[in-house]
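We just call them A, B, C and D in the order they show up, numbering each chain from 1.
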Amino acid sequence: MATASPPVRQVPREEREQAVIRFAGDSGDGMQITGSQFTLETALAGNDLATFPDYPAEIRAPAGTTFGVSAFQIHFGATDVLTAGDELDVLVAMNPAALAVNLNDVRPGGTVVVDTAAFTERNLAKAGYEKNPLDDGSLASYQVLAVDITRLTGEAVKGFAITSRDAHRCRNMWALGLMLWMYDRERQATIDWLTRKFSGEPEIARANVAALNAGHAFGETAELPNHIGAFTVAPHQSTPGTYRTVSGTEAIAWGLIAGLRAAQLRRMVFASYPITPASGILHTLAGLKSFGVVTFQAEDEIAAICAAIGASYAGALGVTSSSGPGIALKTEGLGLAIATELPLVVIDSQRAGPSTGMPTKTEQSDLFQAVLGRNADAPLPVIAAATPGDCFEVAREAVRLATRYMTPVIVLSDGYLANAAEPWRIPEVASLPDFPVRFRADPQGFHPFLRDPTTLARVWARPGTPGLEHRIGGLERAYDSGHISYDPDNHEQMTRTRAAKIAGIAKDIPLQAVSLGEPAGALAVVGWGSTYGALHQAVKQVRAQGHAVSHIHIRYLAPFPRNLGDLLRRFEHVLVPELNNGQLVQLLRAAYLIPAEGLNQVSGKPFKVSRLVSAIEERLA
Amino acid sequence: MATASPPVRQVPREEREQAVIRFAGDSGDGMQITGSQFTLETALAGNDLATFPDYPAEIRAPAGTTFGVSAFQIHFGATDVLTAGDELDVLVAMNPAALAVNLNDVRPGGTVVVDTAAFTERNLAKAGYEKNPLDDGSLASYQVLAVDITRLTGEAVKGFAITSRDAHRCRNMWALGLMLWMYDRERQATIDWLTRKFSGEPEIARANVAALNAGHAFGETAELPNHIGAFTVAPHQSTPGTYRTVSGTEAIAWGLIAGLRAAQLRRMVFASYPITPASGILHTLAGLKSFGVVTFQAEDEIAAICAAIGASYAGALGVTSSSGPGIALKTEGLGLAIATELPLVVIDSQRAGPSTGMPTKTEQSDLFQAVLGRNADAPLPVIAAATPGDCFEVAREAVRLATRYMTPVIVLSDGYLANAAEPWRIPEVASLPDFPVRFRADPQGFHPFLRDPTTLARVWARPGTPGLEHRIGGLERAYDSGHISYDPDNHEQMTRTRAAKIAGIAKDIPLQAVSLGEPAGALAVVGWGSTYGALHQAVKQVRAQGHAVSHIHIRYLAPFPRNLGDLLRRFEHVLVPELNNGQLVQLLRAAYLIPAEGLNQVSGKPFKVSRLVSAIEERLA
Amino acid sequence: MTATLAPKDFASDQEVRWCPGCGDYAILKAVQKTLADVGATTERTVFVSGIGCSSRFPYYVATYGFHTIHGRAPAVATGVKLANPELDVWLVTGDGDGLSIGGNHLLHVLRRNVDLQIILFNNEIYGLTKGQYSPTSRRGTHSPSTPSGSLDSPVSPCAFALGAGGRFVARAVDTQQAPLVDVLKRAHAHHGASFVEVFQNCVVYNDGVFDAFTEKSVAAEQQLHVVHGQPLRFGKDQPRGLRVVPGKFELEVVTLGERGISEADLLVHDETNRTLASLLAALQPPAFPMALGVLYCDPTTPYERDVEAQMAAAGPKGELTELLKKGRTWQVS
Amino acid sequence: MTATLAPKDFASDQEVRWCPGCGDYAILKAVQKTLADVGATTERTVFVSGIGCSSRFPYYVATYGFHTIHGRAPAVATGVKLANPELDVWLVTGDGDGLSIGGNHLLHVLRRNVDLQIILFNNEIYGLTKGQYSPTSRRGTHSPSTPSGSLDSPVSPCAFALGAGGRFVARAVDTQQAPLVDVLKRAHAHHGASFVEVFQNCVVYNDGVFDAFTEKSVAAEQQLHVVHGQPLRFGKDQPRGLRVVPGKFELEVVTLGERGISEADLLVHDETNRTLASLLAALQPPAFPMALGVLYCDPTTPYERDVEAQMAAAGPKGELTELLKKGRTWQVS
């Protein structure tokens, strides 16, 4: 469908191993959609990739303001891609504010594409520019491609019966077309998507496609300044299988369903209260009723966890989900689930705090709360996801632990994982092992706190079952009858039993593996959660220099894998990079008395590989 | 007033250094009152003492049931008394259930006083006795004084115009009279109290006095079996001054007022929601309005902490108080106080958990929650009271830290401290140092997050002050303007500043002292909170055997005193006894990498000195 | 367990631990009788409660039971119904549990109309925590936390329930078993959230607080037992009744035969009229009788039934593999 | 700062960050005008809010302000008044902030009657979290969390406020400045908790949800502006009005001149009648006009005034040493 005629310029395409590009513009400019479509075409081109959408906190901040800038970054390559990338090869800035906010992430010599039409007096002022950066030489160290995208888009869509507002809205497709040309990607998936999305308004669909093609054609035909290159990025060699792109949000939702199936439970009651960045999981599951998922938007987080607890009591899988402030509100409810020993999955999509903090920014600072943040002795298992795809397995594992050990389980995700996307090899669900729940049916010798001798889990007896009528609650209960008991020795025994049950999970989880490097050496870089990619990259680079550094990434944060202490002791130094002020590092020191050292960043942003590399090098110097 | 006539038996009184007695009976038998009156007479006799009231969870459980037994224990002596005592010298059991529940706390050869009239078929059955323990020889190893207290009381009060119900209610005074005789105490304070209490019903007052005197006379005159001794306990040599008995509940309430005065603030807003064992503080302060205390019973714990925060924002001292489950609900509010950097005192009267647990039983298991239990990086100071009297100083200190550092402060008390009483030397409040608050008044260069360079505390600007109009909230704010900011570096700086401010408090608190023993040695017994007395006694006993053991009791749990690490490293072993499953021990290990070992009891009861002694001896063997 | 059960079959093996003379005993008896009368089974019945003396209730009933945390029973009960709508769920709460800490959950469970029987034991006090005033305590209540008297005006449970959009609102007295059982049966028969306020006497901390209309001597004169379709009459031999003050949105007490008032002038109870229900709920002795019985009943589809309908509409069991492969995928070989 | 201020003097230096076209802008303007009209000072005025788009409000007013946490503004505001009753405190909340997570605090602040002006921005949606349905959303609302339509029946903010015992309940539309300012002035003049529901248009997630009665073309016919003591008339040139359905607790729309109806037959608004207020609050377009203005106003002593009275009654500054020595003491020398 590409517009025909003018002689196609035969640009020599440079081969690139990797590239990092970012689309940036107003909240209204559709940068997220643009980025997602580029991601899709890139995935289909067979590259490995990682994305990082960065929304403003405001729903739709006034046009042209710096705080209203919305950006989408994608890192793709022929080799493994584990992070969204430190520096930009290309920045597409749809207005001055977008340029101002994002420019210093562009590597020296990188390319900057701007829509000259947006560089008006007013916009420049809003962005805080005294002079127009396009004229004052301040961009000298970059390859600037200044195009009147607005005008060119206007011309491209002239023919169509759409409002000028809708016409203007096609700018992002023009920019997308240009970038797809620059990196030699297809347009078909985008064209199909546009046609589907605007099936109701075919003219708008056609106009967008026209803009997309025009942008592409511009690259192909126009006399681009020679310094603006065109590239190819070869496909990535990944394990054979069927792939798709997945975000952490989707992966958690699907992983929960996989867990529900494996547990052979008929129903999941997912009770939640909206909060950034957790809401997406509720939204995703709300559309999956046919999988036995009842979603319940409760009046608050307390009601959400209590409804989930009630559902588990009644024999369904109770799940609740929130972010830091909401998880804080669930604290008392967690205590009830621990005391009554009911299965429950709690998902914490962490964000920057304390308090409301920076809702749209990522952080790993809820670890203490998850592991220790409850009144009284109230242990529970805590596991964390490392990548968007890993969210699937972690969610599924949470269901296994919750149902097998009759306990609430906290899953730690974060704002980065929630929104980031990566190519994901779709697992053969049929081949995943089941872990069927066995509800108690036999009244013989039944009482509600009968325990499985190996797991110490109590029986799960569903209301509706004749002969198992029983009463549970938050008051301490007798070990051997479940009746209320204030007996001192009984409380001692119950406390120790609750602790032993959770500690015993260590016997039922994999030994801690080393993600990269030897199981001993000069330095262990130990992390958890969404920093996986950055840590892995950094360790890889330092190892390339021949250093004895290893990367250890912990999924099971409570209880720890039983070999973790011994493993860490085999390293001279243990460095624990975290996106918080030092939490895992404290837990490791307390557990193993090793002088683990923290490397902490609390900026609301992911680690840059370069920063980690230099930190690691320092430690080795 | 003692009934005259019959020849007064001249019993030789044995001199005792210490004694432990317990009054036990039905919730309706007035054992708490009996115990308090014995305590008062004992205090007036100049003994040192410690008490331990033990209520049933039920308000007024059916008469005669074991779960309805209410007990009051008092330990008193001529030498230091630091705990309520391990074993009973005398048990007064008003009915079979009271005997059944309390008997095995009586030391072999100890005295058991029972009201034979209460040992009916029905009561014996309710108490779970097949045979009457008074006849079946099962009490052989004790000195039993079986008296028909009911009948004797009846006779003593015959003359008075009161209902038989009220007459029966005089039994406890008869028993009190007997015990006062046995330990050679006065009756006057009790007589005065009775006269005041029943000023409206003088007949009842007189009847109770008559019963009291009759019980006393019974000891003096009746032919008591010789094995029942009579004793004297010499006065205790304490520092000169004016003394009174005080409970932790009173001491906290008064300490808060002392703090309010020292801060030179006009008003305290004490916002709370009732919960056992914290409610007493609310009740006490509700009667002290003339001290500038507004008490507010909120609709729940969240409203309570939020109202306290609002009060602090408006320039008053905001205080809130609860127990574990309620503190859990305050977690999100604490985050707001930390983020907005407002002064706030939060009192946690810990109880046995998790969840509802055992509300009337004591525990030390909220330490993790207090120090680490919040979303995001949210540090605050945590201090704990060691004795009822210490509650006064700790509460006052909490006000100092909260106002000087513009931060919420958590005070850890517990169910034992709340109800226990001890003699307390009334401080010369005039001589206590003030720490006046200086509200910002000058608009010059003002912004709400201006900091004191030494404390890092932000300015406190009261609404109503012209020129200081400002807006604060839970969103992250710019270090140098206080305006909302999502800037990565700013968040980093603010997080580190919040942490540095709290860490800096270590410079402003006393170095950790050694409560007993040398600042180095074979074993340090390290504790915190209400276990002070038991730990001190135990260490004293082991030291008496010549061992190099020291007792270190930590008031400042976050941040730790700056010499704590060095101090602990000077001991070969560090033993950390706690009434939880191991919390302080983990914090010490993480902070100082010392192999501190826990000694944990989670029975809802205080430590017994004997148990600690043997544990310490084991470590030394 | 299909043979219908007797009240005693609903008594659990647990020793009841309320204070001797507590109104809770009477309510327990009434509930056990109700369960028997409506042919409930122990295995399909669930009692959910919060925290408080009243909330100890589930331990004493031989069905399934969940003694949860303070104020949250409505949320837990909602979860139970979402997991298994077949269960017959009762919710027991107190004036503190349900209207102080739990007011928000009560609001939302009523507005959502989850099919529950909600019994609020109103003793106008916090019993379990030893007698502090509650949101239903009258102004000036002296309690440990309000030694100089409470200041806030109380909330009226029934007015609140009506304002929250409740579809069934009724009232009864703990020790009047017959009317209490009638009300509980009506609540059970009503599909959706049924709210029943029971005046419950706390003998220890608030003894006799309802005497003004529960005392034998005054009961007949001070209680109005409303019946749908019947004129609002009360008093021994029903000499008196209520009518609308002409042209006003107010009620007044009239005596039949006096000032030419005949039964025709009396207001007839219409339990489907929310406005009338609010007016009845607001009547205060001694000027007016206390309105008891079903003040309001106007059923609509219960929440969980609509939920099940959506679940059914979502159609056949979803295929997980399909779900994962939905959207753009590509092969690597 | 005694010279009275102009509306612009109440604009803070912060850039307003709502979506272009959001109804919040209009409300901000109206509030700033109100502050100027009532002669408020920036230093004695405090705005307290929860979390939501609406709750960003305090940042844009040049007074003292506290952007607290989700749903808890009523409790924080209560604390402010208990610390300093002299302050003039406004509370800004949303339908999610005030009626979902914050419903309980709203109930209690209303029943306690703390002297606050409470403005609830009702856009029938969660704006800040990107468009999920809220407790005021109509049944069947399609939102990210309810793709097949919401199932719960909405709560009516004014019905709830009346059920909670609120003493001042009013309603207005975001973009109708004159009546909105009138209502806000009345709220400010009322001593005690004043509750004002403002219909606020969320252009992004719920655009036009109130068009049925706010659209220019229909406004006159679909809005009833109630005035105490005036007959309830509406429509262009006020041809229509409300009257009581004879003998019933119901209202009906009548046209003057038709079926012999004269103004005398119309119901006269009595803002002190709670029952009438409930009926007005319940009217729904198109069958009925939307009732706007002060539906209910029946003042009583504000909570904090009673608190101060008790504080004053407690008498002179207590002596700490006396307190500590009260009761039995003894000397050791």
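Here, a residue touches a chain if its C-beta (ideal position, glycine included) is under 8 Å from a C-beta of that chain, and two chains touch if they have at least 3 such contacts.
Everything numeric in this text was worked out from a predicted model, so none of it was measured.
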Pair joined by more contacting C-beta pairs (B-D or B-C): B-D
Most distant chain from chain C, judged by the mean position of its C-alpha atoms: A
Computed distance of Cα centres, chain B from chain A, in Å: 47
Whole-Å gap separating chain A and chain C, where each centre is the average of the chain's CA atoms: 45
Chain B and chain C, separation of their C-alpha mean positions in angstrom: 39
Residues of chain B engaged with two or more neighbouring chains: 67, 289, 299-300, 325, 332, 335-336, 340, 355-356, 473-475
Sequence positions of chain C contacting 2 or more other chains: 51, 69, 100-101, 103-104, 107-108, 135, 148, 307, 310, 314
Residue ranges of chain A touching chain C (in the complex, touch as defined): 40, 43-44, 46, 189, 238-245, 254, 257-258, 261, 267, 269, 271, 288-292, 294, 296, 298-300, 302-304, 306-316, 318, 332-333, 335-336, 340, 425-427, 429-430, 462-475, 483-484
Complex interface listing, chain A residues touching chain B: 57, 67, 323-325, 327-329, 331-332, 335-336, 338-340, 350, 352-358, 360-361, 363, 365-366, 368-369, 372-378, 473-476, 486, 488-489, 491-492, 495-496, 498-499, 580-581, 586-587, 589-590, 593-595, 601-605
Residues of chain D defined as touching chain A within the complex: 15-20, 51, 53, 69-71, 100-101, 103, 126-130, 132-133, 135, 144-148, 204
Chain D - residues contacting chain B, complex: 1, 12, 14, 41-44, 46-48, 51, 58-59, 62-69, 72, 74-80, 82-84, 86-87, 104-105, 107-108, 307, 310-311, 314-318, 320-321, 323-325, 327-333
Partner chain C, residues of chain B touching it in the complex: 58-63, 65, 67, 273-276, 279, 282-283, 286-287, 289, 295, 297, 299-301, 325, 355-356
